[in-house]
Amino acid sequence: MTDLLWTVGPPFLLLNGVLIFVTYLTLLERKFAARLQSRVGPYEVGRPHGWLQPIADAVKLLLKEDIVPAAADRAVYNLAPIVFLVPAFLMYAAIPFARGWALADLEIGLVFVLAVSSLEVVGLFMCGWGSNNKYALLSAMRAVNQIISYEVPFILVALVPVVLTGSLRLSTIVDAQQGLLGWFVFYPGLGQLAFVAFVILALASENRIPFDIVEAESELVAGFRVEYSGMKFALIQLAEFVHLFGVACLGTLLFLGGWLGPGPAALGPIWFVLKALVLFLVVVWVRWSFIRIRVDQILALSWKVFLPASVVLLLAAGAVVAAGGGAGA
Amino acid sequence: MPEGGVRTAVRMARAAGTAMAVTLRNLFRTPVTVHYPRVTRPYPERFRGVLALTYDPETGEENCIGCRLCEFICPPQVIKVEMLKAEKRNYAKLFTLELYACEFCELCVQVCPTDAIVMLRTFDLATTDRRELLLDKDRLHALGRQFPPSWATGTGLRAMQAPPARGGAKGEAAKDAAE
Amino acid sequence: MTTPARTVVEYGYGGNERLVMNMGPQHPSAHGVFRMILTLEGETIVGVDPVIGYLHRCHEKLGETLTYVQYPSIASKTDYVSAMTAELCYVRAAEQLGQIDVPKRAQYLRVLAAELQRVASHCLWLGTWCMDMGGALGGGATMFLYCFREREMILDLFEALTGARLLYGFHQVGGTRYDIPAGWADKCRETIAHVEGRLGEYEALLEGNTIFLVRTQGVGVISPALAQEVGVSGPLLRGSGFSHDLRRVEPYSSYEDFAFDVPVETAGDCHARYRVRMQEFRQAIRIVRQALDGLPAGPISSRPGVKSIGQVKLPKGETYARVESARGEVGIYLVSDGSTKPYRMKWRGASFSNLAVAGHILPGHKIADAVAILGSIDPVFGEVDR
């Protein structure tokens, strides 16, 4: 019995914890964005700071009518949000929140996380295809284009800390970043460049502005999600935020020292979440400061700028390690 | 990396940094939101709000003499007046104003010879039934008692616009009205 | 270049891997109600069929049924974003026909109103353009809210002046209806100083921004020949190299008393039109300051205030009056038969002629450029459809 509890309990807690946390992340984004724009965000629901807004949104979406377009491909249409959601949650299985606090601290942790997060594009395309809608299809095709083009440089840049550490295990990478200046973001030259590249490429692989040509509200009116309403839409929104936070966690682990921070080791998870939140807020800050780039320019940027840059960064990391630098075994 | 590439990259980074700095600066400014309806912003003196009919402050009589000038001048023709003749002066027997079609142009206020119709410093008459926005005479008088009127009255507006007469007396009135 | 006729079935494929897509009247970036039937090849637009008329409200017929004292309040509803210049055009036409003088103070007040309105209108243009390019939920929305924050301050000024925020009824035949209240001049100076400071912030957000430059430079080029052929005006014309500003060419309402520059750019693309409008911001602020400093005393109307519906009667004749609004040349052709109402009144909408250029320059661009180009044309559909 206790065996069963130990098997089911932690994933259950993790999933629900992430779910509730990410729901409130939407509120955080809205309040932060509002303050960037000289206004207050949600205020009335759960006065005075809109604390009940995410719950109100969830209830509203639950109560909405579930419309399926007549000509839609039913199986694909209904399965798509789930296929979109599951890989996002699956990422968290391999992410350690503190020393020993991972569901599965895999030897190849980074590879697992990156591979699973790449499955998102399948769900996205299923959404666009199943909707039987020109706008959705156009958007889905742009998405496939963009995400696939940006996965390669993203992975290469994510490998820079791996090269510096010598291991793919995420907890080892964090252990190699002891001390405040040991964080890879403070690594002279290489660390800053890799971190900036990581943030930009993360934005691109999650369809966040300035790379959100996929949704492009003012052109394609919600793009691949245009035919979804009610709970299915909620699942898609949730999946996007869960994925975003997952990538923020990954960035924390790779560059910001994960759970390391002053104070007792028990504070580890709190430092981790705080750092991930900082990364999340940076992403939100970027989102609300820039206009979007056109699709052909996005692809040109990916293949002509970011791919060579990430290859050069990786080679530089290798050169540094070969010359005796790097951290950890 | 090619020389031009590095310089371009630095320029791009600097531009991106400037943009983000502007947004960050706004993060620390007070929001401009006015938490309506708990807080209302101060409406200026000349605010053209909901219309109302007035009483003479000294005698307590209705100001409206039913002359129908407002009905004729109204561009969307929302006012309907029927005159009631009486001994000393005329009244309006019927005065309806369709507020849902009103343009709030203040022309009716402008032409009124007795300053009977005025606009109030409120706009807040939102309702779920459009029939409540068909204001009849009683409602118009009640609104006039309920809310503060704006500055504009017929005589005031006409005095502001009148060119100075050859004596200069009206010019003085115009200057006073402009103060 | 052949554009598909209106009878073509919409949801069909035109062969050659072409997609006929409707960027319909309800669209977040249609700037109003505007329909474009686009023929796409992949992401590139190869044909445009613009459809207008969704906002037609029979203004020209209204002009025949309403008298000269009633219509100025309605005139503001054609170009509702730049309402002061629309009203100004109508009263100027009436005054031109009736040879009615306008006192100096009224002329300066009109200039003041028109230039403040230009600043407010350009604020709206910049905000909505960035929102179209950036997304209603992204960086564009940030620019939108900043611009509207400043526009609201100017609207507060107008509210203190006339009592209304968008559709003013400020002008009447012979002068203006309202004079400036006490303390307004100081508030006006404060507001425009504030707006001028914020202009610097907008430029910082956009100017060197590579994304912005890449999306606007070389996009939507209107060649000088095309500009003349289609008959565009305003910032579109000045962005293509023509130094043509009605306030210089045919000064009206004492514009000859004011010192201001007419910004001209030669590139003809969206970026050039952006630069022209940003400089127009500053020039308009300059004119407002001069108007406030030099405001003469005197009456605000050469005719007594409106007391009856038939107060203004114009002699028989016809005339064409035009003003330089924020969008370009707004004109009214007025035919009078000697009564209190026009016999015929025709609006020359700046946006109508400006929008016609869209059909010529859109093919060859991507869909994303379509919104950028439409935004830089800055159409207001009240003017297009009337």
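Each chain gets a letter, A, B and C, in the order it is written, and its residues are counted from 1.
Note that a contact is a pair of C-beta atoms (placed from the backbone, for glycine too) under 8 Å apart; a residue touches a chain by one contact, two chains touch by 3 or more.
These figures come from a predicted structure and were not determined experimentally.
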Graph class of chain-chain contacts, one of line, ring, star, complete, other: complete
Of A-B and B-C, pair with higher C-beta contact tally: B-C
Core chain by centroid distance, with centroids computed from Cα atoms only: C
Whole-Å gap between the CA centroids of subunit A and subunit C: 43
Centre distance in Å when subunit B and subunit C are each reduced to the mean of their C-alpha atoms: 24
Subunit A and subunit B: spacing of chain centres that average the CA atoms, whole Å: 51
Multi-chain contact residues (two or more partners), subunit C: 139, 142, 146, 149, 205, 209
Per-residue multi-chain contacts in subunit A, two or more chains: 36-39, 288-290
Junction residues of subunit B, two or more chains touched: 16, 19, 22-23, 26, 32
Contacting residues of subunit C [partner subunit A, same complex]: 11, 19, 21, 27-29, 43, 130-143, 145-146, 149, 205, 209, 211-212, 214-215, 366-371
Residues of subunit C that touch subunit B when the two form their complex: 66, 69-71, 73-74, 103, 139, 142, 146, 149, 152, 156, 159-164, 167, 169, 172, 175-182, 201, 204-210, 297, 299-309
Residue ranges of subunit A in contact with subunit B within the complex: 32, 34-40, 43, 285-286, 288-290, 309, 312
Complex contacts: residues of subunit A adjacent to subunit C: 36-39, 134, 209-210, 212-213, 215-219, 221, 287-297
Subunit C contact footprint on subunit B (complex, rising order): 11-12, 14-16, 18-19, 21-23, 25-26, 32, 43-48, 69, 72-73, 75, 103-107, 110-111, 113, 119, 150, 152, 157-164, 171, 174-175, 177-179
